[in-house]
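Just so it is clear, A, B, C and D label the chains in written order, and each chain counts residues from 1 on its own.
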Amino acid sequence: MAKLRGTGMAAVNYPTGMNLGGDPSQALIHATTTGTFVISLSSTDLGQGLKTVIAQIGADALGVPVENVMIDTADTDTGPHCMGTFASRATHRVGNAVVMAAQEARKVLLEVAADELEVSPEDLETDGQGNILVKGAPSRSIGLVDTALAAHFKYAKTISGRGMFMKPKSDVDPETGAMDPDSTEAHACTVAEVEVDTETGEVKVLSIKSAYEIGRQVNPALVKGQIEGGSVMGMSHALLETTAPYYPAIDHSPGGFSDYLIPGSADIPEIESVVLEYPSSTGPFGVKGIGEMTANSPIPAIVNAINNAIGVRITELPVTPEKILRALEMKDKE
Amino acid sequence: MTQGKLNAVGQSIKRRDGLGHVTGKTVYVDDVKFRDMLHLKMVRSPVPHARIKGIDFSEAEKVPGFVRALTHEDVPKNTYTILCLIGVGPDEEPVLAEDEVRYKGEQIAAIIAETEEAAMEAVGKVKLDLEELPAVFDVEEALKPGAPILKHWGTNYFVYEGHHCRRVRYGDVEKGFAEADFIVEERYQTSPIEHAPTETTGCVVKPEADGRYTVYTNTQALFFTLDNAALILEVPFNKLHLVGGTVGGGFGGKVDVIVEPITILAAMKTGRPVRYVFMRDEEMRVSSTRGAWRMYYKDGVMKDGRIVARQVTTYADAGAYNRHTPYAVTKHAANAAGPYNIPNVSIDAHCVYTNRQPGSAMRGFAVTPASFALEVQMDKIAETIGMDPWEIRFINAYRNGDMKPHRKVVEDATLIETMQAAAEMVGTELPERLKAMHSNDREGGNHG
Amino acid sequence: MAAKIVTFNLNGREIDVLVKPLTTMQTLLREQLEYFATKSGCRQGGCGSCTILVDGEPMASCLLPVEDVAGKEVTTLEGITPDLGLHPIQEAFFDNYAMQCGYCTPGIIMVSKALLDRNPHPNRREIVEALAGNVCRCTGYEPIIRAVQDAAARMNGQQGGA
Amino acid sequence: MSITNYFQPQSLDEALIFLDEHKDALLVMGGGTVTMPLINEGVSAPEKVMGLKNAGLNYIHQQNGRVVIGATTTLSQVLVEAPLPMLGEAARNTAAWTIRNMATVGGNFFVPPPAGDFATALLALDAELKLVRQGQERFVPVSEFFTGFMANVLQPGELLAEIHVPIPQGQTAFIKFGRKVANTPAVVTVAAHVQFDGALVQAARIAMNAVGPHPVRARKAEEILLGSPLSDEAINTAASTAAEECEPFTDAVASEWYRRKMVKVYVSRVLKNIAGKEG
């Protein structure tokens, strides 16, 4: 009976955007006389934080405080088309569409402010606190509400913008597989440490430590959330959960959270992460994407750590205690 | 691309929906209720493969609260169209089963009743006359002659422009294998897993006074769902108004457009709001999973660690129907060689049908199984040639300017920098040679 | 089928409800009283998203007949949420990003409330054990554990940092 | 038809009256943690249900060398009061806090495998079940209660009212091995109670769960221990014997092969735990 420790690593990339592109997203922005900028979308938030990060992108693209940005999404009558939330695409695609729409709206915002301050738009800048200032003479400024009111009641101008982003659809050469699948690549390298009980085949994951490179982080706390959640989902995929415990047979399929084994609060390893930011060439503010990839590198890192601990390489998921015992028994026979 | 200093991007502001979450005020689909709302429950196949000879609703109709049943005859265009909307066909999954059922749990008939209990009781009283047929569950068995055939085009695989699989051909793997000092082969297999979000898939459809239908749904893709539903129901797109965007966990499991079309149809036929939300065991045993993937890797490797040839043969277990798997297999083909610069690559990625709960999209979409196989294979290569696992990856890591097997030039690559950061974080002392590498050290060149 | 009047205290207020036999507290709260903070993740007692407190004890409302709470004190998340502002636990969860999709959050906050009422200074093991019946698929639990520790600090007067 | 009546007897006698009146038509429920999911999913649609929660059967007290536990005492109560170390362990390893606040000790005798870990501990402690019906009561040892898969000696009109647990004279140990750390079904559960006469084993009870149609005793393994010291060698032989005599099954959590392997491992670990205590 022994408890053996092992360490394993894995390095992965992950493409941003729906494979082959052709997944457009639109955004409409309009200011109301409350000084609020409404961003209309039809994108969905699955918990990854779209409603938060898109507001942040919109705020900086407009040059206004994030508190002045409201996301109005997920109503097909009022929001322009969006392909949907998957493929780590939303921050990149919807973000780009929002930046485009914001540029158009910002242009009108500065034109109206320029008229009010009797300067030319090029002389103006926004401080991100809700003020539009004359460069070099910050005392001469105008607030967002005043500008919006002036635009509406004085100049009969609409402070609004339209945005659209699509990576044109690429098709696949049936012979060679040539294709242009993605807009950029995010990366991750995970190191997992495990302890294997050679008598029961149990694997305890002690730690999952990962470095991620995902271009610009829009909201570091939400990025960390994806890394922590993905690490646990990866650990579960590697060791515990399946709808077909005896695949390819369909027997004994679990019917609920009792016999479908996903980790609970007591099962989680120590999780550590560091995030590098190498801005992408195609994303808004250099964004790439992270949502889909965070379960990927922990899985092989854990399998490699098990091999490092007990010298058996299990190549079938999930790596159950039974598979480990059977592999150890075969190894002893050799 | 935009002006000056960033004030919001890069800040860890709190979640916009956070206050709703912690107070329980966030509204999810199953918080949507209407006074005269009906409930829909599905009659499902108890067996993995059978011919449907008859369905008897006589006992079910006697259940107090029973309103009506729906079968394939009620569905205007009884075929799911999800792939044709993204340029991949043919579509082959019925909304409600017609002549055959091809997986245990497949939707056969919808029962609509005043209460959920009445609907469940009525479902239990529907009598199915089924003639069980032989079933196949293994992807390689399904491709052998004599296996039960699942598709109307007479095979158990998806046809990719005339080919029985998605192909990538780059360089000459046989030449690569011939040159190689070592050949490293392995078989990798993943099992299907369920998205298991804490909120199950569901929708509520309300007929509006103006003849349109409002669909409250936790789909991940509103317009994609709208378009598919409209095509199935043969109604103008603008008849449907989808509202959602607050999803209790998706993970790829809420983009199959399975509950919306039939529930809109039920609302159309009854003129009343209808609610169809999966029970947990339906989410587990019937809703789509991440498919199972069987991947055979064969690599040619030189003594110095360079991988000169990589051949990948993959069988994706789509289960009984396409859903998103044919599309996932193409993404798999674009990633199965990994973030490594390999001169000779051959990939055959098959999308295979079995009599199983369909596989579809899940977080990582076909790249998750590839990353698993790739990174265990890289360790096996390192062990075979006696090299450190870090080093084998640094040597082969792709650099900006390299050409990927699917003929796309590498850009925005930072695998090397990411590995360096991970090593530093865990205190692994990399040799200077590896610390000196960077992703632009071969700009423009190939195999530096 | 004889419906019955059941009297109990809901979030500090005595109420009488008319329910059919074996109606669950989950169904009563969500379908009749429109208290939607109590969620419905599985109706098998396996996910914890429907947790409510009965005389301060966390229970799975999906398995609890309404008749069983007659004369008792029932607390739901609506009852913990002050009319103005937030309960310290809610502040701690919000500040620690202890949720993503939010569907499991109500149930987890109820269990955390019951734990902290009973044990103002829980260690990590005690927090983890209390939460063993709550499934969260998004966060990986770590931020939730941090949030409960932070909530304990806030409720004990020390200013909990995010 | 759906549920017509939910009876909540206020006393054991009232419960027996309802039971006599409605016999098989009445589904008896303890905490509801097994019955309610089946009703919620429409798998079970009883007409009449009787909940015993208010029948005054939740108490724990000691009575001439025995711990007496009312049938509807919740697992949380047992965990808090921990009348015996093994019972505290068994309760702590069953489900999670929220469910333990509802699940009852008596209910644990009517659950499908691999559930029933608490009943397994009681089996190892030679507990006796007080079964009552109108005007009659009888004591049945847990070891004779189960007659097959989801079957037992309960007669029509009879209820499980109390569990009597003799205070163990020897050393006890309990391990519940699941695939997750908490709130998870058993791969195998082993509970043992060994009494010594000096260094020799005078009496041994080894109870196992999830390796038979219900909690079972490893009788052959027990015999091997009698009359000899609890040596490593005796423990290994007993563990191997227990692995042979058990009847494991396959489910989503573990296969028959793996459960049989784990019986050998965990019977050995439990006995070594006891040997360690004996010192």
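Going forward, a contact is a pair of C-beta atoms (placed from the backbone, for glycine too) under 8 Å apart; a residue touches a chain by one contact, two chains touch by 3 or more.
It should be emphasised that the depicted structure is a prediction, and the values quoted were computed from it without experimental measurement.
Enquirer: Where are there more C-beta contacts: C-D or A-C?
Expert: Higher contact count goes to C-D.
Enquirer: I'd like the Å distance between the centres of chain A and chain C, where a centre is the mean of that chain's Cα atoms.
Expert: That gives a centre separation of 30 Å.
Enquirer: How many angstrom between the C-alpha centroids of chain B and chain A?
Expert: Result: the chain centres lie 18 Å from each other.
Enquirer: Hey, how far is the Cα centre of chain B from the one of chain C, in Å?
Expert: Centres of chain B and chain C (C-alpha means) sit 34 Å apart.
Enquirer: So which bits of chain D are touching at least two other chains?
Expert: 2, 37, 41, 96, 181-183
Enquirer: Out of chain B, which residues touch more than one other chain, so two or more?
Expert: In chain B, 12, 14-15, 17, 196, 247-249, 251, 279-281 touch at least two other chains.
Enquirer: Residues of chain A touching 2+ other chains?
Expert: Only 46-47, 49, 221-222, 230, 233, 245, 253-254, 256-258, 260, 262-266 qualify.
Enquirer: Graph shape for the chains shown, where an edge means the two chains touch. Line, ring, star, complete, or other?
Expert: complete
Enquirer: Applying the document's contact rule, which stretches of chain C touch chain D when the two form their complex?
Expert: The contact residues of chain C facing chain D are 1-2, 4, 20-22, 24, 43-45, 48, 51, 54, 57-60, 62-65, 67-68, 111, 114, 128-130, 132-134.
Enquirer: Could you please specify the touching residues of chain B with respect to chain C in the complex?
Expert: Touch list, chain B to chain C: 12, 14-15, 17-28, 30-31, 33, 195-200, 247-249, 251, 279-281.
Enquirer: Quick one: which bits of chain D touch chain B in the complex? Just the residue numbers, please.
Expert: 2, 41-42, 45
Enquirer: Which residues of chain D touch chain A in their complex?
Expert: 37, 96, 177, 179-185, 250-255, 257-258, 261-262, 265
Enquirer: Show which residues of chain A lie in contact with chain C when the two form their complex.
Expert: So the residues of chain A touching chain C come out as 46-49, 221-222, 224-225, 228-233, 256-258, 262-266, 268, 271.
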